[in-house]
Structure formats: C-alpha cells, structure tokens
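Two complexes are shown next, each including chain A; its partner changes from chain B in the first to chain C in the second.
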Partner chain A sequence: MAIAISEIRAGDRLARLWRRSSSFVVGSALVALLVLTALLCGFVSPYGPTQVLPNAILQTPSAAHWFGTDGNGMDVFTRVLYGARYAIAIALPSAFVMVAVGVPLGLIAGYYGGVVDEVLTRMLDVLRAFPSIILALAVVSATGQSLINVVVVIGLIDAPIFARVVRSEVISIRRSDFVASAVVTGNPTWRILFVHLLPNTIKGAAALLPLRMAWALRVSATLAFVGVGIQAPEPEWGALIRQGAEYIISGQHWVAMFPGIALVIAVFGFNLMGDGLQELTDPRLDVKK
Partner chain B sequence: MNTTGPLLTVRDAVKHFRGGGRTVHALNGVSLSIAPGESVGLVGESGSGKTTLGRLILRLEQATSGSVEFDGHDVTTWRESRMRRLRPAVQMVFQSPYASLNPRMKIGALIEEPLKLHTTLSKDDRKKEVRALARRVALSEVLLERHVNQASGGQLQRASIARAIATRPKLLVLDEPTSSLDLSVRAEILSLLGSLKEEHGMAMLFISHDLDTVHAICDRVCVMYLGRIVETGSREAIFRAPLHPYTRTLLSAQLSADPRVTRERLPILGEPPSPLRLPPGCGYAERCPIAETACTTKAIALTAKADGDHSVACIKT
Partner chain C sequence: MTGNSVILAVARAILTRLLVAIPMLLGVILVTFLLIRIGTRDASLMLAGPFADAAMLERIRSNLGLDRPIYEQFFIYVGHLAQGDFGLSWISGRPVIDEIRPRLVATMELLLPAFAIGGFAGASLGIASAFRYGSRFDHTSRFLSLLGFSVPTYWIGLMAIFLFYSVLGIAAAPMGRIGMASFPPPPVTGSVLIDGALAGDWEAVVDALHHLALPVTILAIIIAAPILKHSRIIALDVINSDYVSYARSCGLPPRIIRQIVVRNSLAPILTLAGSELTGTLAAVSLLELIFAWGGFGQWGLNAILSGDFAAVQGYVAVIALFSIAVFLVIDLLVLWLEPRTRS
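Let's look at the complex of A and B:
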C-alpha cells in the first residue's frame, strides 16, 4: 500500500485533495502566496517600504506606483507587500505561543482531572470571559507597543482555546488501555503526556491553528488601527489602514483600500485553510477514495 | 529482597467504585499470593472482579482497603514516582492489543520503550535487543517498522508480550490475553506463553474465563465470583475435584474438543446478584442448587480443605 501511494503522481494527489477539500487547496494557495510575498517583496518593488518620495505625495495609482502613494510620499504597493512580512511575523509566533502554552495546560488538565482540572479550567474560563480585543488592547497599551508584546499577548489570550480542545480529547482517551500500558511500562508523567497522549490528541488543535492565525492577524490589525499595536511608518496592514483612513473622505481611497484588501485575502486564506483542515481531519467525512 | 516468601501477596483487597450515588462492589475482600515462578489462573464470569484485581495489583486502581505486597514491599500506597522503579518487575499484557498499543507509535518503538526507560543500553544495543525480543515472540522484523493499524491481532499481541517481557519481569499479569484473538492464533500465543514461563521462570497471573486456557498454562487456579475468591487450589484439585458448586457448574459448562465426550451439564440458575447491592451471605446462594438458610445469613470465609492446598468458601462441602 505504501508503495502504491508513492507511485501516484503529484497531479493526481492534488486532484484527490481537491475533491476531499477544495477549501484546503485554495486556502493553502493563498497562504503560500502570502509566504512568497513575504520572501520576495524586496525584489518585486524598486522602492523601500519606508522610503519617502517627496515629489510623489498622495498620487493616484499609476504605472510607477501601482497602488498610488500615501500622504508621506511612500509607495503603497511596496508597503502592502512588506506588510506580508508583518503578517507572517505575527501569525506564526503567536500561533507558537498559543500552542506552547495552551497544549500543555490542556494535557495536564485532562490527564490529572479532579482539582487540577477544575482550577486550570476555571482560570482559563476567566481569561476567556474578557472580550479578547479589549483585553489585548489593555494589555498591549500597558506593556508597550512592540511586535513581541503584540505576539505574546495575542498568543496568551488565545491559548485557552487550544487548552480546551486538547483537554477534551485527552479526557476521551485517558482511560484507554494504551495509557494504562504506558503507566505499567513505567513512563514518567511527562512522557505519558507528550509521547503518548499528545500525538493522539493534537489533530483537533492542529486543524484549529490556521483559523486562530487568521484571528491573530485580525487582532493585530485592529490593535494597529486603533493605534496601540505596531505603529506607522512600519508597514503593518492595520497601521497602513489607519494611515489611509484620514484620506478616505478626501477621496484618496487607495491608501487604505489596498492594505485592507491584502488583509482580507490573508485572513480569508488562513480561514479557508483551517476549514479545509477540519474537513480533512473530521473522521465523519473520511470517505474512502 | 526476599527469596523464600511469596512474590506477590494481596491481602483482603476491597475495591468499591463510587459514582452517581451508587457503589459498585467490585472486590469484596480478596486475598491471593503468588510464589516466584508460579503461574496462577484467575477464572470467573464477566463482572466477577478479575480484571479489577489485575489492575489493582498493577496499581492502575487504588484499593479501597487491603494491601498489595510485591517482593516484600507493601506497595499499596506508593506514589507513582516510587512505583515506577518497580514497574520493570511487574508487567502486564492487556486484553485487546489494538487498544493497549499506542496507535501513533511504531511496533519497534513500543517494544523498545521499556528498554529505553529502564536500561542504560545504547541505542544500537536496544535495537539489537528489540530484534532479539521479536525473534523470541516469533514476530517478523518487518513488522517492527509498522504501525498498529498495519498488523494483525495476533502479531500485535506478540508485540505486547515482547514489550511486557523486555525488562524480564518477575511477575506478568495477563488479562484475557487471548480472548480477542482467533482460535488458531490463540493456540500459538498460549504455547509462546508456556515456553516463556519455562525459560524465564517468571510468575504469571493469568486472568481468563476460558478454562481450557487456564488448564494449559496454570499451576494453580483461583475461582472468582462476585468480587470474592470462592475456591482456590492446584490445577489438578480444581479440575478433578471441584468443591464449590459454582466451580462445578463452571466446569460442566466447558465444551470439550471431542464431540463424542458428553459431560453432565449442571444448569446455572438466574443472574449473579448486582454488585451494587451485595447479599449478606454467600453471593452464589440464590443460584445454588444445594443452598440452605445458613448460606444466606452470614459471609462465608475461604477455608482450607483436607490436603491444605485446596480452599473453598462453602459451608456445604
């Protein structure tokens, strides 16, 4: 069987994946586009992301400036491309924080149960009870507006979601014989949690990851838009939209619109990918192909 | 370490499961001891508490009262961290190999795990040892690189046995190790267990409802009913001259491989009493053909019969 699978050509595989979940394919393509943009943005555009062109202020989109220029005379196209770097720099590390904090808490709460579970779950519930954007706003404005702070705060606020997903999976399998067998074999608790339980409980959390990365992008853009996140002139999409907002009334819509479209595409891509992953990992939809 | 006394002693073990305002009396005072190298069969119908007793010995369940002593140590209240040092010496093979092997690990890694945890062998030596273990349980080396879903039940149970004997335990608890397997595979696994017993001289607690299996493997037999041991004795004593009416019924229900042999069938009446509400006297009294009033009033202790190695909990014998 293993041999048969490797013989199937890549095109066939893609076609099959498309049949199982077209959203996953489209979403992954959009995310791949985002990653490529982040990697190649330095080569595509002749301008720098914060390079001021004194003779080109608030110009309409043209051949020289595809997305026009902003009020400081910076090329909007270049800045939107560079925004992809920020998007990745926010989505990946905050996803890492979510998983690194949430998953172990979920494993511990689910495996130990009882008082440990009760205390952890209540604490996480308290955290979830705050409206997350308001909480992020408060914490970031209190701790300072750096990329690291934004990432850590977004990651911590979202960690309970991962904890809860993993916890419920652990509860459903902790009475299995293979866990008993791991105990009898003499595994220390950390090995039971991370070697035996984790690989059997991570599927749901993994499928959740792109969705929460999309959420991280939205929150980061929101923070930047209201002015407590990453600040202009850094080319973060939320910051760009904030910058452009003041020109919308006077008709220079391109300053805000293009970063807005970029943000929507990126969020859409992550969301599609996440929905697709859930389709792919849902056992009820696991049809034999 | 003690060399002359029993390897395992369970004293008066009681296990109640509480939940939803009810109490399930799974074990109601079980005492059992196993000598080094001895193989003991634990038989009884579903719900008699045999699996609970096995799990209690492995400290997968905590006794409500009573004690478990292993190799002279009272381990009843040992914390898991302390228990871990004893784990290599007491191993277990579970009923279903599909459920008891981590589906995300390769079979080779599963067999290697106890070596990784309890020996200082180098990686290469461990791999060598895993291959030797695989050969010992007649498991093809190809399978070591496979996952659980790519092997058959018999192959997986061989792997479970290899994993359990990797640390050369002094006691191996086998919880119905063959009941999920095909008959033909069952015979192979039994002969494997028989030869391992000869070779390593390890003690076994063989939990089963299959009397043929117990007869083939065990030196001594304990019969459980409703969370108590109702009869215990040597294999010969139990199979040739069963005393307890329950044991007799159990033996009479056994099918013979020879279709011409007909046995007198002793009918069994009704259902066992609910472990939620134990009867005051003998648990078997209401199904027993020879029961009298005295049987239903007070608990009946296991008492030794003439030859000393045969005990029964019945006032009528």
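Let's look at the complex of A and C:
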C-alpha cells in the first residue's frame, strides 16, 4: 500500500515537472540514455571498440553491422556506443574543473571586490572577445594531446563563466544580516565563504552546469575532428567523424553520419536539460506562466 | 540634440571603446603567447629536422630570438605588431601578413553574407516567437534553435556535401571557391565574386555563387540558432515591460505595438549578434576545412596543427582585432538606434 502511494506520488511529481518544463524531462532522459550506454556498451556491443574485421572493410549498414564498418574494418555501431564513455569521461571531469576553479574564484572576487574582482572581470572580457574553441585548439595542440589536457583546458577556459555567476550572487547577498552576524560571531573568512555564502550562491552555477557540459562535449569533439586531442583508433565521436570525412565524397556516409548523430543527441540532451533547469530556477520566467 | 553633440558622442564612444580594446587585445595576445610558448616543444628541433647538429640548433634559436627570455620575446613581438609587422611564418618563411591578407577576403566572402542572412532570419524568427509565446510556433522554433545549437558545424557540413553533392549532384564540388575548369577572373579585390562582376565575367560569377551556396547556407543556419534563442528572450522582456503594457492599454493598434517592440529589441539583439559574430570565426574555420576553401580560417587551423607559432599568433591577433572592430561598429549602431545612450 505504502509503495503504491509513493508510486502515485512519483508519477504525480513527474507529471508536474513535465508541465513546468518538458525540456528538462526530455533532456534528463537523453542524458540518462548516454550514461546507460556508457555503462552497458561492453555488454551490448557485438565487437570490440578497436577490433579489426579484415573481411569487412567499408561495408554498408547490415544486420551484422548495424552502422556499417569503417575503412579499417571496425564496427561503427560498437565504436559509436563506446564513444559514450569518452563523452562522460570528458563532460564530468571538465565540469569538475570548471566548478572547482570557477566557484572559489567567484566567491573571493565577490566577497573582497577590489583588485581580484577587477582582474577577473577583465579576464572574462578577454575570453568573451575570442572564440573559445580556437583558444582550446591552440592550447591543446601546443601542450600535448591527451585526454587529461583536453579536460583541463576545457575546464579552465570555462571556469570564469562560473566565477562570474557566483560573483554576482555573492555581491547581492554580501551586505545581508546573516553574513554580518557570521562575521561578528567570529567565523573565519573561509567559513563565511564556503559555509555561509556558498550554499546561497550555488543554484545559479548548478543551473549552468548542463549547458557548459554540452559545450565541453562539442569542443572536445571539434578538437578530435581537427586532429588535436583524442585520436583514432580511440572511439571518440569527433575522431570517428574525422575518419569518416574522407569517405563522404565517395558516398560511404555511414562512417561519419552515425557518430555525428550520437554526438548531436548527447549535446542536445545536455542543452535541453540545461534550458529546462533554467526554466525551473529562473523566477522571472515563472511569473509569465 | 544638435549635430555637434552627436559628433561629440560618437567620438567619445569610439575613444572609450578603443581605450578598453587595447588592453583587451594585449591580454588576448599575452594569454595565447604564454600558453602556447609554455606548452610548445622546442621549435628549433622541429624546424631543423632530425639530422641537425648543436651549432645549427643554436643558430636557428638565435635567428628566431628563442634564446632570449620569454618576456623579452613578448615585448619584441608586441613592438613589431604595433608597427603592423606580424613576423615571418616558421614554415613558409613568408611574412605572415602577406599570407593572411588574400585569405581574409575569401573568409569574408563566406562570413558576411551568411551573417546577414542568418542574423536576419534568427532575429525575425525570435521576435515572432516572442509574440506567439507558448504557441506551437514558439515551441517549434525554440526546439529547432536548440537543435541548431547542438549540431556540430563540421558534421552538418559533411552531411550536406554527401546529400547535395554525392547523392543529388546539385552542389558544386567541395574543393575551393571556383571550379577546376574555369579560370578565375583577374584579381582586384581578391573576391572571385566581385572580381568576376568587375571584369564582366558572368560565368565566373555564377560559378562562384554556385560554390558559395552550400557553405553560406550552412553557416547561416549555425548563426541563426543562438540569435533566435536570445532575441526571443529579449523581445519577451520588451513585450512584458511596463511601457508596452501602457501602450496596449492606451488602445494602440497591434501594428504599432509590434513596431515599438521591434524598435526596442533591436539594440540588445545587435549587441548580442556582435559577440556571436566573433564566435562564428571558429565555425567558419571548420567549414573552410571541409570545403577546402583556402581562406583565413583553414590557414589558421593548419598553422595550429603544424605548430607554426608565428602564424598562430597572427591568426589569434587578427581574430582579436576583428572582434574589436565588430564591437566598435555595433556600439556605433546602438548609439544611432538608441538616443538614450548618447548622453
């Protein structure tokens, strides 16, 4: 009985969430699909991600090879599935770097103001005036091509965006009574920053996270496509599209098409989720409904 | 407002923009300079090849100035840059500026029409969605914009080449700006399109248009998506503002209301479009790569891949200069559209 009631409540909650933001529900479902694929690809896929099938080179999609095979005789379906692992391995850690670097910076800049704030704002101006994909390309290509480098560079380039969001939230509550009382009761500054201010400012940063993860996926795939970053035969989607690019004119579209569709679904999922999250957390949009 | 004070306001806007722009430009150059230099393997090893001896490596280093401390290298570079000297390409040995100039025209040939089409389409669809807030039209255009936002430029380019060239055979071969069989018109501006028209060579003009059609359309779609998304939000804010409610309650006809909304949304949309335009340089570089366009973007990507440091710096500096120029133009347009900002 108790289970039934909680089930009804869960269903009810989902229905209400759906009414408030269908994008959030659909986006979360797509992201869940991505995570599931990353977890289960080892069980589902019929071949190994870099297993060469010498008798099956550039074959059209068929029952044996749903997405066909590439020029090395590797199964494209398997490789696309395994690409989900790279997507997660890039999106999660780079999001971690963005938050770990950006949020403390924003707290400090917002709380102290002055020089730190000035430097941060200027850095943001510089970044805004420059296409970040090109910055990422130049830096990764110069610093060496590994997964760690790709993740760190993407995370660092995006950290100021988080810093800005947290900073403006801190500025808006810096003068409130609860901060003042925390100061007079003798809390150390780090405690005020991370225990008192952080929970009140994290909402905006959290709502930003899926959108920036979508961006991280796009950038890492772009790097791999250009030939910087993760390289074939690793089954990263951008690297797969790069492999497929040479067969486009001769008409073997499947090598590039399927990893691209997977990439679009993943990026779209994160974007939808982020859009929905902003819909749910933005009081301005709420009033209009 | 008298004519004199308008000129004063414009001069002030240009001056403040430039005052902000110069440190920004230096910042971009410094950041890329440091990041690239700290990470780069010793360039002299790469340039000299595997059989060079120590004396030769030393000579290359001192030729390129690599034996000096890094801050000195930076000041030397910026000093030369201020005089319009971008240095010599490490690979070709030619002045970087001579390599950039003709290619920049090819890139603008793609970028400017695509931006005009995409920007106009995105802004009009965005404003139209805002007027139909919550309707099926609104949902559809929002969905499409988010989808366009999520599709990688290079992938949609490849798919379009497959469909329109390999399957349907209606697009031009994705190999440059003009067909292999046709002769390019005598270069005046560097744009095949304009040069063809100047020379009265209509065959070349049609050929150039044929080659432009596919990449420009793709780029326009890529540009339209974010502009649609943001202009919808901007127009929504205007529609829900007090002055529009007031105008409504005064009984002004819908046509006038629409005019008011469009006029008031235009300035923020323009500002936004400006920052999108600089971001578009990345998309255009990738498209050039796919269409073998031979423009500035493709050249820059190749420079990055081959580790041609002087060329990469030139690429970065030109992009930064371009975005500063765009912001300046946008500022002036906003000044012209919004009398409020003139005081």
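FYI, the second predicted complex is superposed on the first by the 270 of 289 C-alpha atoms of A that agree within 3 Å, B and C clash if a C-alpha of one lies under 4 Å from a C-alpha of the other, contacts with A are read in each partner's own complex, and residues count from 1 in each chain.
The working rule: a residue touches a chain if its C-beta (ideal position, glycine included) is under 8 Å from a C-beta of that chain, and two chains touch if they have at least 3 such contacts.
The shown structure was predicted, so the numbers you read here are calculated from the model rather than taken from an experiment.
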Touching partner for A:257 - first (chain B), second (chain C), both, neither: second
Partner chain(s) touched by A:100 [first = chain B, second = chain C, both, neither]: neither
Partner chain(s) touched by A:200 [first = chain B, second = chain C, both, neither]: first
Which superposed partner A:189 touches (first chain B, second chain C, both, neither): first
First, second, both or neither for A:180, with chain B first and chain C second: first
First, second, both or neither for A:267, with chain B first and chain C second: second
Which of chain B and chain C A:138 touches, first, second, both or neither: second
Dominant toucher of chain A (residue count), chain B or chain C: C
On chain A, positions contacted by chain B and by chain C: none
Contacting residues of chain A [partner chain B, same complex]: 176-178, 180-189, 191, 196, 199-200
In the complex with chain A, residue positions of chain B that touch it: 55, 58, 60, 80-81, 84-85, 87-88, 90-92, 94-96, 99-105, 113-114, 117-118, 160, 163
Chain A partner contacts - residues on chain C that touch it in the complex: 20, 23-24, 27-28, 31-32, 35-40, 133, 146-147, 149-152, 154-155, 158-159, 161-162, 165-167, 174, 236, 240, 275, 278-282, 285-286, 289-290, 300-301, 304-305, 307, 312, 315-316, 319-320, 323-324, 327
Contact set on chain A toward chain C in their complex: 23, 122-123, 125-126, 128-135, 137-139, 141-144, 214, 218, 221-222, 225-228, 238, 241, 244-245, 248-251, 253, 256-257, 260, 263-264, 267-268, 271-272, 275, 288
